[in-house]
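Which chain is which? They are A, B, C, D, E and F, in the order written, and residues in each are numbered from 1.
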Amino acid sequence: MQTVTRKKIEILADGPLMPRVVAALAEAGIHGHTVVPALSGSGRTGQWSEERLTGAETKQLLWSIASAERADALVQAIAPLLTSHRLLLAITDVEVVRGDRF
Amino acid sequence: MIADTLTSPIILFFILGLAAGFARSDLAIPEAIAKGLAIYLMAAIGLKGGVSVAESGYTADLGVSAAAGIALSFLLPLPAFWLLRSLGRLDRTNAAAVAAHYGSVSLVTFITANELLKGEGLLVPGYMAAVLALMETPAIIAGLALARRGRPQPAVATPGGGLLHEVFLNGSVVLLVGSFLIGLIAGKAGIAPVAPVFEVGYKGILCLFLLDMGLIAARRLLGTRALTMRLGALAISLPLINGVVGVLIGSMLGLDQPTAAMLGILTASASYIAVPAAMRLALPEADPGIYLSMSLGITFPFNIVVGIPLFAALARVLG
Amino acid sequence: MIADTLTSPIILFFILGLAAGFARSDLAIPEAIAKGLAIYLMAAIGLKGGVSVAESGYTADLGVSAAAGIALSFLLPLPAFWLLRSLGRLDRTNAAAVAAHYGSVSLVTFITANELLKGEGLLVPGYMAAVLALMETPAIIAGLALARRGRPQPAVATPGGGLLHEVFLNGSVVLLVGSFLIGLIAGKAGIAPVAPVFEVGYKGILCLFLLDMGLIAARRLLGTRALTMRLGALAISLPLINGVVGVLIGSMLGLDQPTAAMLGILTASASYIAVPAAMRLALPEADPGIYLSMSLGITFPFNIVVGIPLFAALARVLG
Amino acid sequence: MQTVTRKKIEILADGPLMPRVVAALAEAGIHGHTVVPALSGSGRTGQWSEERLTGAETKQLLWSIASAERADALVQAIAPLLTSHRLLLAITDVEVVRGDRF
Amino acid sequence: MIADTLTSPIILFFILGLAAGFARSDLAIPEAIAKGLAIYLMAAIGLKGGVSVAESGYTADLGVSAAAGIALSFLLPLPAFWLLRSLGRLDRTNAAAVAAHYGSVSLVTFITANELLKGEGLLVPGYMAAVLALMETPAIIAGLALARRGRPQPAVATPGGGLLHEVFLNGSVVLLVGSFLIGLIAGKAGIAPVAPVFEVGYKGILCLFLLDMGLIAARRLLGTRALTMRLGALAISLPLINGVVGVLIGSMLGLDQPTAAMLGILTASASYIAVPAAMRLALPEADPGIYLSMSLGITFPFNIVVGIPLFAALARVLG
Amino acid sequence: MQTVTRKKIEILADGPLMPRVVAALAEAGIHGHTVVPALSGSGRTGQWSEERLTGAETKQLLWSIASAERADALVQAIAPLLTSHRLLLAITDVEVVRGDRF
């Protein structure tokens, strides 16, 4: 089976902000994604770990495969949120099969 | 009462949690369990409130307490905001976010106070659970108004729906109000079959929950980089001011001693569940490190150990 | 009985869950807690059944109920399959998968019915917990036979072992049957020390569990894209048909009123735990959106609110 | 220490199907993998989130590092499952140390 | 007593878990729930111990048991190490890691023994919960000394702080000792309001916990590749030897029958919570597959089913 | 918005060893990371799954974005731990925005 190259988008965001991230994906025409939980982390503003009652600071990691054009559109759409909402965005080249899905 | 407080197992478990957290022990209660305990406590407190109103009917005191609670939740963020900007040296957004936390209320402070006051023979009427639910949200609206005053309403326009939704349909409000209604509809007889779980188990579960709260509060303080001395001092002054105002107003309105004490305890308490989630959504530029460290790391332990007996004593003096 | 049902806290918590789910509140019970509650309920119901058979011995009614339950679970997928293909316009695979769900049974419907019937003075014999366990799996075999009829047995050959395994050793069957045997071996006296947890706590835990089921059912309906009007109508007709058949057969076989009512309620109920997992494995081409929306989103709430009192009334008329 | 290039395989699948995915890995000669939980997601068939009693639809993300040849063998072995079982497969180039392990 | 043991629901749930695990059923208790149950059991056992010491005061027996426990935990890893190297053919690091497990103790074995002995009319004094906590850590220190003897102290120098910390502030030690102190401070009257949760619920919760332990033990055995016949034989011989030594020493020191039995059961038990975590940190080169398969897969079930009644009988003969 | 290339580091380690991995990151000058839970896995020493009381064998996956130089420094710093502590390390090229953060 033939593989083609697509983009894998990873976005790290606080749980309560995820719906807004998903809305930005939809704006860029990306309708498939999966969210994975995070346990702990550290950065410039200190460290956190999951044992928090309030989900306000618990991060989640969004994982989405999309075409290069849509990934570009997303970078533009989400840029204003990156700093104000403290998101982390990383894009990787991946090989997939059934590339027309993305 | 402080001596009594300090030998109650509920408080001792909280102190154990604080100590373990500060000693950096790896003791931890899984997040799912903590959420499960919180859901249990909210359902239990709501049911109890509903049953007690079903028993006693709607009294004038209920209406007075509810109106006072809503007004205080809406208005107390204003002086808090002013203090946070001037003494606390916070920018507008962060000051507004913190002020919203101090206007709103803490469920666990309420539950713990309920038990400690009961131990002193002060029976808080069940309807205060409904007052608690009513006081959660006005402060959020006040805080957002403070944050946005004089600003051209930027990206905030879009998520407005999401926010109102978060404010009025957030899980803890829905569960508290819902269980209250269930208690009201089913009444004492209807609730009898489920009473063993919700009444008998109550205090033991609260011990485990406060153990976790102690761990969380200690870790929050150790993990933060955002807390200044000034903010630390405000995290003790704000509950003192708000609590005294609450008890005074309660007494002036003629509420009985336990009710006035509880109104003060509620106004003194600061939210760390509903409001942080709402702020993260509505004011994402505000630093969670500031508002969580203040409300959860300092004000919550202060209220549990010092505030509750203090405001109870004040209500006694005034009552 | 519908009026009684609607003021029972068990049902009120279910309705609260439904309402919160439809209002898109963020109220949520962590998955680990929901699974923990389910494990508790299965162990409790199994123990209770085992103890009651240890007390009463094996009766003819037990054998009759078990045989009837197995036969119904095995045969009822056939008319359901036919209706789903003709009226529901599903393809063979999806129709077979849905039919298997309606032949099998729902644990939570059983437990809720147990409590509601008890409230009406109808004591369902404990051995029905064993009948419940026996009815879980025949429908799966029937459904797979329907799906594969006339097909050249493709990739399915390989995972056959995995499937049989999934069917007979799936967690809920093992726990139900195992707890039943433990109750049988230990007997009433042996179980006494653990009774406080498994008997006293039972109803309160069921409230929290039904709160979660309400949330899940509502979200399932909101999140689906696969449900047509025709399928929605079948998700109400199938339990009606199956339930009436179950009560009729139970009465004709001479079972007493509560037992016949419960047999009808079991046949009316549709699986949403054991069967979906088995179908995902054995018929991965079938769309979970269809079978879960029907069984969990429509049939489950219908049975809880309407079906249970209806089949109880029917059993009374016939009994 | 020297790094070499290998393939990272990511496969998103429903929990109940994971054993079958792992069997396909073994067929392709890949004996190491790790599975990570997912919380929620959306795609063409609607959205899901973890609060489901039934695990039937809860996704998991498999993560495995393997040599390029084995990754190729896997793509062939798993191709028939991709559509029928609604799997998502993505392959990335990664640098690893101790490359002889994979 | 073995016959009694085998019809106790506590043990039957353990056997159900073992059977389901070996049959590769997908029955599983979520990790968060298992941790929650463990936290509950530790808090309950600690509270109980503290209250009982508050009632009875500090007795000579308490001091004797504590000293004996600490000495045994520190010294028993030595013969174990020697057997594991010679008969077990393990290298120094792995032998030391396993020896530390057998010197330390198992909380669940303790709790189960407590209940089974009570069923036989043997009341173990509450202070043994403190002895349990004291016995957890000396073995870790002994094990590390064995591992490092004659080695140039390599990378281990760095994490020393982390290790001491892990050893003395690990969650289970902190929770046990903390709850013990809470029980001591609050006393019987102070604990009364929380007693329903911590006393009444105890045995039922233990059933669910042992169900999970059975599943874990069975899966551990099925999933391992590191266990040889020789190591399997040692996983039965070591608890036998250690347990006999413990009961003998307890009797020689004049402890009463239940206390001597429990000292033997504690020395026979092997850790699978605190020690594995410490070893993973301090001796990362040791293979967890070896020490967990032995302590959790073989020794734990052996003690639950055979060891507890055996050492109780031995104490009776000597007592 | 412009994207630049950075390194994504993924390290799989037992839960109790994570603090040591984080210390190695700090040594290499990397102060941001996020940890994600793992559910199950298999390798040369057998298989494991999350239903374990003892966290001794439960894996976690660390996820960190850093500059190429720091990633190199990390490979050197962590090399001695890789075999003795059974860690798995994989490094990928990713595109990020606001590249000066890393």
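By definition in this document, contacts are C-beta pairs under 8 Å (C-beta built on N, C-alpha and C of every residue); 3 or more make two chains touch, one makes a residue touch a chain.
The structure displayed is predicted, hence computed values, not measured ones.
Where touching is counted per the definition, the chains common to chain B and chain E are C.
Of all chains, the one whose CA centroid is most distant from that of chain E is A. In this assembly, the chain whose C-alpha centre lies farthest from chain B is D. Rotating chain C by 120 degrees superposes its CA atoms on those of chain E, with the angle stated to the nearest 5. Centre-to-centre separation between chain A and chain F, using Cα means, comes to 19 Å.
For the pair chain C and chain F, the distance between C-alpha centroids works out to 45 Å.
With each centre defined as the average position of its C-alpha atoms, the distance from chain B to chain F rounds to 39 Å.
The set of chain A residues touching two or more other chains comprises 36-37, 92-93. Chain contacts: chain B has residues 28-33, 35-36, 166, 200-201 touching two or more partner chains. Touching chain pairs in this entry, ordered by label, are A-B, A-D, A-F, B-C, B-E, C-D, C-E, D-F, E-F. Within the complex formed with chain C, the residues of chain E that make contact are 7-10, 12-13, 16, 19-20, 23-33, 36, 115, 200-201, 203-205, 207-208, 211. Those residues of chain D that touch chain C in the complex are listed here as 14, 16-17, 19-20, 45-58, 80, 84-86. Residues of chain C touching chain E in their complex: 30-33, 35-36, 39-40, 43, 47, 165-166, 169-172, 174-175, 178-179, 181-182, 185-186, 190-191, 193-198, 200-201, 277. Those residues of chain F whose C-beta lies close enough to touch chain A in the complex are 1, 3, 6, 8, 22, 31-37, 60, 63, 65, 92-98. Residue ranges of chain D in contact with chain A, taken from their complex: 10, 12, 36-44, 59, 61, 75-76, 79, 82-83, 88-93.
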